[in-house]
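For reference, the structure discussed in these notes is given below.
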Amino acid sequence: MSSDDAVLSVRGLFKSFGALTVAQDINLDLPGGARISLIGPNGAGKTTFVNLLTGMLVPDAGHVRLDGIPIDQLLPEQRVRRGLVRTHQINTLLMETSVRENVAIAVAERERIGWRMLRYGPRWRACLDEAQALLAALGLGGDGLRLVRELPYGKQRLLEIAIALALKPRVLLLDEPAAGVPAGEARAIHDQLEDLPAGVAILMIEHDMDLVFRFAREIVVMVQGRILTRGSPSEIANDDRVREVYLGRRAR
Amino acid sequence: MTLRYGGWGHLLPWAAALAFYFFGSDLLSLGTNALIMVLFALSLDLVLGYAGIITMGHAAFFGFGAYVAGVFSIHFSNDPIAGLLLATAAAAVLGLITGALILHTRGVTLMMLTIAIGALVLEVANHLRAITGGDDGLQGIRIAPLLGLFRFDLWGHTAYLYTLAVLFVWFLLAWRIMRSPFGRSLDGIRQNVRRMRAIGTPVWWRLVAVYSLGAAMAGTAGALSAQTTRSVGLTALELLTSGTVLMVLILGGTRRLYGSFAGAVVYVVVQDLAAQADPFRWMFVIGALLMAVVLFLENGLMGLVDLGAARIRALSGSRREQR
Amino acid sequence: MSALTVVLDGVAYGMVLFIISVGLTVTMGLMRVVNLAHGAFAMIGGYVAAVALGAGVPFLAAALGATLVAGLTGALAEALIYRPLYRKGELAQALMTFGFTFVVIAALTAVFGSNIKALPLPGYLSGLVDIGYRMYPAYRLFVIAFGLALAFALWLLIDRSLYGARLRAAVDNPRIARAVGIDVNRLFLLTFAGGCALAGLGGVLGSELLPLEPYYALRYLVLFLLVVGVGGVGNFKGSFVAAIALGLIDTSAKYYLPSAAAYLFYGAVLALLLWRPDGLMPARSAQ
């Protein structure tokens, strides 16, 4: 896979906090339409990696390229505007605002009307309509006018995904989308993850192995800030080193 | 801003304000002060209530607007509207510059910076006493007739209606703006700035914009104060004034269309009554009031109104859709 | 006016600021409460001492009494006013403490009148001392020495004692501190009262530089907050450095550029806060 094909391309990413190295020589390509799952034990640095990609953390070395263009100097907001979108492991929502408005505001930012103060009627209504349609597609159609804090946790997780989709991402970084969701509600999330737009390059951090194997066409295993190995689901399932890492057969 | 009581809710405060004009002839100057405080508190609601910028230095813009309007009338032109517009624009610029300087910080640091800037502006005014009159205040402000027609009479008739009109215009603007995508994004920034960054909102720019807007509005309030009372003093720039407007806003209730009205009216009335007795008595009353509001009235007076309305509705057994 | 004199004056002023503000930085850092009433406790100390001195009480006893009264008031306030505030957020705290300041100002002026309070110094502290190149007010030397002694004592207390260890634990992570058996509530109460007591003492010792008048609590609040902000909230070493630095900046500005002194001071504060938003020496690593 040459980096020319990839939508998102990472080379030599390195980050440490004093003596603690959280990311070491990470190389990764995300082609359009990718379905990659990033797995590894807790503390392996998966969320840190996502933070490095989104710009929340600044790497000590290495490059991130979007469509071949380096984005290392861009602020997180600017990267989002170029189509690099993430969801959060812990719900990051506007709790005192309606479900529909959470999505509509994202649409408005995407459409660049977030600065409008006086003339906005028809365009804002269009944002609301699009938001409602998106919610319906994700199974949240009836919840549009409810406040987010009234929503059950599983639906809030779905809303995280809805907002990310509203931004029409080119690259989508999902941070444990089903984390903390009770079994009954997790099903809805799993179904939605299968229906994500085909052209979007998706990297998903997950611990739920059923979900991982159902979703991913490629799996990347990360341990202590390094990429241990990568491959197709069946290759990873049969990899001894991966089993050791998860089951700890050989003490580190 | 939420409007919970339908069309009549809108009319009531404005009708009351107009009625006051006709029936409150002796107290018009008090009424004008209340209207100015409404505008001042409303300006803070944009910055603090919506965008969540905790500032203890908002008086800087009020005072700056007041001095600009006053100095303009003394040295350049008596025309009230020209002075008003200039003061508003000047305050906006001050808000833009100071906001751009400090709004990358947040929380306690930001609050301290607003205090430092407020103190700095006060010192500048004190220092430039040739222009501002220093401790003695600005003297000799004269106001030409409004639109060349309406003289500012001694009983404050013109002043009251002039202030009411200006308040109305700003009120409409503020209402429109806070319901816009811009206003909603600021509300979002207050609730969860991380979420807003994650959808690509240029947070700093939005905050600077609303800070400048709030500054402009406060500048208008200051200019009105200078023009209607024909005086400006250093108190307009003091920490005390910043604290007072903050209290008025919280008293009335943030993010409520008419919260500022409620808070301002109560404050002006209490202050007038208490100050007549002894200046420090009013400090006691205001201080106790403030503490009571924080402890018991989380949503301010509008919260009380809500409670009352809910009781009435429960008693009458009717249901109304809220939103 | 020689540079050394300016330095001495600046350090003396800084010491006063330190004595008053150290309580504020510890409680703001410890209890994470925005406390705008700190100036009020300094004012209480000063007023009580002024009245006691006026009634003929000797200086040391008056100062001690003032400190105790300020501390007790602080303890009462913590239990009644501050405790409900811990969970209410910065805005509620700012407003509540601001209102409390108003109430204190009103109460003090109602009881003691609204003129400036002068604190006459005892014979052994007034007068001039020969420091080599000139005669210098003994009182200022006393303040400097006292400030240094206090800083040292506090350092011992915070860095070297069990109380200090508990304090630091509670600042870093109150939940875990509770879990290991530290009585966080009592710790808060004691520390807050101690901070208010120190403020009261500072109000007494600093009355020459910060005159006691009705608006004292508001007028100098800015100063105390800025010392805390520049030094780093919760960092007592930082507040020492910041207090001395700001004392020096203000005093030298007043001597060398009197007309621009106030600008320079607030300008310097602005610059310092913008350069180091978390304070010159932030207390704890990012949480």
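In this document, chain identifiers A, B and C correspond to the written order of the chains, with residue numbering beginning at 1 in each.
Just so we're on the same page, a residue touches a chain if its C-beta (ideal position, glycine included) is under 8 Å from a C-beta of that chain, and two chains touch if they have at least 3 such contacts.
Computed from a predicted model, the values in this text were never measured in an experiment.
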| item | value |
| --- | --- |
| Chain contact topology (line, ring, star, complete or other) | line |
| Per Cα centroids, the chain farthest from subunit A | C |
| Mean-CA-position distance for subunit C and subunit B (Å) | 32 |
| Computed distance of Cα centres, subunit B from subunit A, in Å | 43 |
| Intercentroid distance (Cα basis), subunit C paired with subunit A, Å | 49 |
| Shared interface positions of subunit A, touching two or more other chains | none |
| Contact set on subunit B toward subunit C in their complex | 48, 54, 56, 101-102, 105, 107-109, 111-113, 115-117, 119-120, 123-124, 126-127, 238-240, 243, 246-247, 250, 280-281, 283-284, 286-291, 293-295 |
| Sites on subunit A touched by subunit B in the complex | 54, 76-78, 80-81, 85-86, 88, 92-97, 101, 105-106, 108-110, 113-118, 120, 124, 127, 145, 163, 166-167 |
| Sites on subunit B touched by subunit A in the complex | 176-177, 180-185, 187-188, 191-192, 194-195, 197-203, 205-206, 209, 323 |
| Residue numbers on subunit C that touch subunit B, as the complex places them | 28, 34, 81, 84-85, 88, 90-92, 94-96, 98-107, 109-110, 114, 214-215, 218, 221-222, 225-226, 228-229, 233, 259-260, 262-263, 266-267, 269-270, 273-274, 277-278 |
